[in-house]
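First chain A sits with chain B, and in the next complex the same chain sits with chain C.
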Partner chain A sequence: MKATSENSPKSNRSRARAFREYFSGVPLLGWLAGGLVAVLLERFLGTPLAHLLGLPKVPVLFGCVIILKKPLLIPGTVIYLLLVYVLPVGIVARLCGSVINRLVSWLFNLSPTFSVIVHLCLLYGLLSIWSGISAYRLLTLKLTLIAVIVTLSLNIINGYMGEFSCSHPGFMALGAYSASVVTLLLFVDDRVFGAALLPEALGPFMFPVALIGGGIVAAVGAIAIAIPSFRTRGDYLAIISLAFMFIVKSMIENLEIVGGPRGLSSQPNYVNLPTLFLWTVAAVWIINNFVRSVLGKALNAVRDDEMAADAMTVNTRRTKFVAFLFGAFWAGVAGGLLAHVLRYVNPGTFGIQKLAEVLAMVYFGGLNSVYGSIVGAVGYSLLSEALRPLELFKWIIIPLLLILVMIFRPTGLIAFKEFNVMNLIRPKGKPIREESTSKGGVLIRS
Partner chain B sequence: MPLLEIKKMSHDFGGLRAVNGYDLTFEPGQIRGLIGPNGAGKTTIFNLITGIYIPTEGDILLNGKSIVGLKPYQIASMGLGRTFQNLRLWRHMTVLEHVKMARYSKINYGLVGSFFGTPKRNREEAEIDDLARSLLELVGVAHLAEQVIVNLPYGDQRRVEMARALATEPRILFLDEPTAGMNPEELIQMMGIIRRIHNELGLAIFLIEHRLKVVMELCETIQALVFGEVIAEGTSEEIQNDPRVIEAYLGKEKIL
Partner chain C sequence: MEFFFQNLINALQWGSFYALIALGYSMVYGVLMLFNFAHGDIFMVGAYIGFGVASALVGFSAMGALALPNWLILALTIIVSMFLTSFVGMIVERVGYRPLRNAPRASAAITGLMIGIILETGNLALLGARRVSFPSLIKSTTYDLGGVFVTNKKIMIVIVSLALMYALHRFVRKTKWGMAMRAMAFDFVVVPLMGVPINNVARMTFALGSALAAVAGIFFGVAYPVLDPYMGVLFGWKAFVAAILGGRGSILGACLAGFLLGFIEIFVPMIFPSTLRDLIAYSIILLILTFRPHGFFGEPYSARLRL
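Take a look at the complex of A and B:
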């Protein structure tokens, strides 16, 4: 008896390893192709299949809502998920693995940049078909992409720089309001700012300028925190930044010219999926470039030992300043995007609950890691949508999960891992990838 | 003109005079040592020169220009590289990243390059990479370049710290007890590295040591410091036979 009970986890583990090995030859492109097949299948056969299985409609968020609301439909939902997602992805990835691998290595040798673009196109295709099923999916996807930008921008400060900043909702509010004021003032006839000043057709072209302007306003706001708090370290920044968040919120609440507590509405609908996808890719690309350069790594040096960084010619004050402003800038951009996705902002959005959400995404996903931020933002956003039917219990389950993550992985799920795009798009040659140190794979220069 | 000249430098911690009237004239290519019992003020002198503390009195001239009051990173980029008595490494970074980080002030690609991955950035990062690897080769830890620093044994961490200091392109290298906590074998290797650095790169080296053997073997000129004051200066033989040094280390001979 004892022997078998000891053996079973081991055999489970070896089975899991065998399973992983079975799929280890599949490059990223193979998974994307599998996903594309799955979403196409859902697009064309989803509704009849759902009816056949007794489901009212296509399960929107992987069936979580249906499962939680009507437990009787669990078998149908599980079969649906298996038929539409799991099997097609697995079969396509496995069967076409070697063909796609050859394609990937050809692409990679041709030009890594081109290969990255192909991957992104496929990912975009997948997302747009997936979100085409329902407006709810589209909104969830858009909010998730924005969450990725926000989480990354906060990770620069809380993860890479190792300070504890609580002002991110404030920066988002500054960006959201600045961008909204620009677009409402210039391109829309509305009740707050009156008639449009510029022809409406110019709007979409000027929108990036409005967003960047919002980011810059947020960065200017960040200076107000950076100057007094960078003389000291630790708790002071947390307190000052928390105060900043409340100041921004109550300032906007009392500014009648931007609608006060009622907020601003009827922003033009500029943020469609391709725009948002491009902005997210740009944010990930630029932030990842920064944190992998020596100038960005200086943040880690300042965090781990400031005196040593100083002695190694690192201008610590400038480093912290730049990182803080950079993080605030992207928070501002994300705020602007959020305002134009919801097409409504009010100061109440950017309160303590937003802060808790953003912090949860950073610490859930993993400090000091672009991977972690993406995983944290996507995971948290989807989870919080999926658990929505549980209503109040959602706010018990999510914190509980966070506590568990903090107990078993105090720095988050995927912390201190470098995001190397070249490794990601590389063809998979050997069956087992060598797991090196916690730092992740060996850096390979392109 | 001497490389580094210190005139009548003093420093007070509150009411305690930690360093009193310290003088130093450092010529290019010299190896000098600073010895003294615990608490004599050796590390304080290093911290004063490298800008972590600002001297209460006196002047520090690097190539004839005063560096008093400059920030530590400015002094470091002017050519004063250093290591620390208790290793000060960045525990989440790899060995290679440590050495590359010390090139911070020599980087020209700027923020635009770091954001957008311009060709200039890639070229410069590649150059820094090569330089860092060659320095790691020099101190004998090139094979550990991709490891996270905390996975290295103590002796190798010391070597990385040395390579990191060298990457700042110092004209004088300040080594604060480079052999502290080392076993005899590691000690001999470390002395070999210091000699190699001195011979191959022609660097001036200023060494704090507890172990007299190391200082006596390596240094041309030695200062002995007791309670913040230099009590003797000279070659290793002179220092070894100086009655004041013997007194400071072993106590006064008492005849009953």
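Take a look at the complex of A and C:
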């Protein structure tokens, strides 16, 4: 008896390892297929199943709201989650693992680009079916995708370049207002700007131009921070960027032509899920390539030691300039998207509250890592939605969680990790046990 | 001219709030090279503690348990609140800053921000969303000095604030603890080897800054008797700007920059529309920092930044 109790943690660990090994042959495509089956199941069988289990309707955000609000319904919710999400995903991923693996390796050999596109299509299908259940899910998903873009763009400056920039809400405000002004001026009859100048049918096609215009305005604004950054860094730059944020907010409040403190409303509803998904994918792809390029490595050099970087022929001024403008551009694009998702902006949206939120997402996910930014943005957004029923206490639990993350992992959950798409879509080899070696259970990836 | 002097008095009062809060930022920065972003909310907590203590004392003397004159109640409130708020500061240091002393500086900034949010929400959860009004302890008397009207509250606030700043200056320059603080600001690595208990010094720095913030909070309650849980946010960030503007770690610089910010914020609405106040204030700060990137009394950037 004593021996077993001593062994139990070890057997637990080995069980966890066996569990991981059991699923290790499943490629990403397998998980996506499993997820697709799960959301399809929910789409067609979700409502009757929910009624059967005594739930009023399909749990919207993985049952968090129900669990927090009505403790009596917890067993039903857990069974629902098991039946609809956990079991189908696990079974499909495991059973079709070898078939999908062959498919993935065929795709990969055919053309990696095509394989990436297939993955993205599957991901999009999954997300659109998942969010088709309710408008609340759709809005949450849209805000999450925007948060991913914002977090990535801030990570360029705060993570990769190691400055503490507080100006991101300012950039977002510039982008949001510029894009809104363009679309309101050109395509919408409204009270502020009068009749539309161009036919309304052109709107969705010109919308990317408006967004990019917003991004460029934000990038031009970023020059105001990039130039002082040549001479100073660290805290003084933090203050300069903070002052910039306040200046932008105050300027917009005083511009009567864009509504002043009342804000701008009735933006056209151009940002549907496919548009937003494409923009997010583009942002992740471009930013990931940027940080892995020579210029991106120069950012890390400037962060670690500016003088040494200078001595190694890194043009520090150009590097800083490009990084600030690039980050601000994407923040502006995200702001434009946000304005068209909410269809209302006012200067109060882009204040200190937003700053704390964006900073929290970056440092929660992890510095210097595209992977971490995605995890941080998605995790923070979903967490803050899921804890909404707790009302006030949400703002005690989330900060506490962040403090704990900072104490135990000061650079964030997944910091300093490269986001390599090729590794993600690669087929996973079957786990092969090597019989004759001393290290039992070593995985060899074919 | 009378108009000018009238606003000068107002600006002195307004600036003394900023200066008292900025001192807390500046001292913590000087000693630990970290910014305590929860400091604005410690100001708020100080104001609420002052409100609680003052209400309790007023209640006691109304019941006749102990009959105290109002000025004594105010003095007691200030002393007790300074004491209690300094404990809040020490707890903040223990929870949010000591575990992160060797972490990247930005991580400590995040914990500070988060502790600030917890303090705000905790206050909201405890006392509800209604605003509370500070008990009026001093009867307002207005003196007419040749056309300039000055209330006794303003005189008290400005004089006590200046006295506290001078006391802090003496403390940092003349005492053993002050010497330890300055030594820590000078070198973080060698000073512990000389037998300076750095944890105690850091704790005391937080306690001192929080006590000053509590005084600022009580004075704010005396001057503008409405408190709400989010009053520390804007004040805190502005005082942070003032602390940087004064040069990091410089006490004199923080005071001067706090008063300067007060002057700008009072005098700008005299000339321009009041909605432009923030715009002009921050533009001036941006200009100053562009031409003098290290603030008034700060030393130029050195390789000491630990990131």
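The criterion applied here is as follows: the second predicted complex is superposed on the first by the 421 of 446 C-alpha atoms of A that agree within 3 Å, B and C clash if a C-alpha of one lies under 4 Å from a C-alpha of the other, contacts with A are read in each partner's own complex, and residues count from 1 in each chain.
Everything below uses one rule, namely that a residue touches a chain if its C-beta (ideal position, glycine included) is under 8 Å from a C-beta of that chain, and two chains touch if they have at least 3 such contacts.
Note that the coordinates shown come from a computational prediction; the quantities given were computed from them, not determined experimentally.
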Touched partner set for A:L122, first chain B, second chain C, both or neither: neither
Chain B versus chain C as contact partner of A:L400, first or second or both or neither: second
First (chain B), second (chain C), both or neither touched by A:I352: second
Partner chain(s) touched by A:A282 [first = chain B, second = chain C, both, neither]: neither
Which of chain B and chain C A:T313 touches, first, second, both or neither: first
Which superposed partner A:P228 touches (first chain B, second chain C, both, neither): second
Set of chain A residues, in rising order, touched by both chain B and chain C: 303
In the complex with chain A, residue positions of chain C that touch it: 29, 35, 95-96, 99-100, 103-111, 113-115, 117-118, 120-122, 124-125, 233-234, 237, 240-241, 244-245, 248, 273, 275-279, 282-283, 285-286, 289-290, 293-295, 301, 305, 307
Chain A residues within the chain C interface of the complex: 158, 162, 164, 224, 228, 231-236, 238-240, 242-244, 246-247, 249-251, 253-254, 303, 352, 356, 359-360, 363, 367, 392-393, 395-396, 399-400, 402-403, 406-407, 410-411
Interface residues, chain B side, partner chain A - complex: 50, 52, 71-73, 76-77, 81-82, 84, 88-94, 96-97, 100-107, 109-111, 113-117, 121-122, 125-126, 128-129, 146-148, 151, 164-165, 167-168
List of chain A residues in touch with chain B within their complex: 285-286, 289-290, 293-298, 300-301, 303-305, 307-316, 322, 368, 416, 436-439, 442-443, 445-446
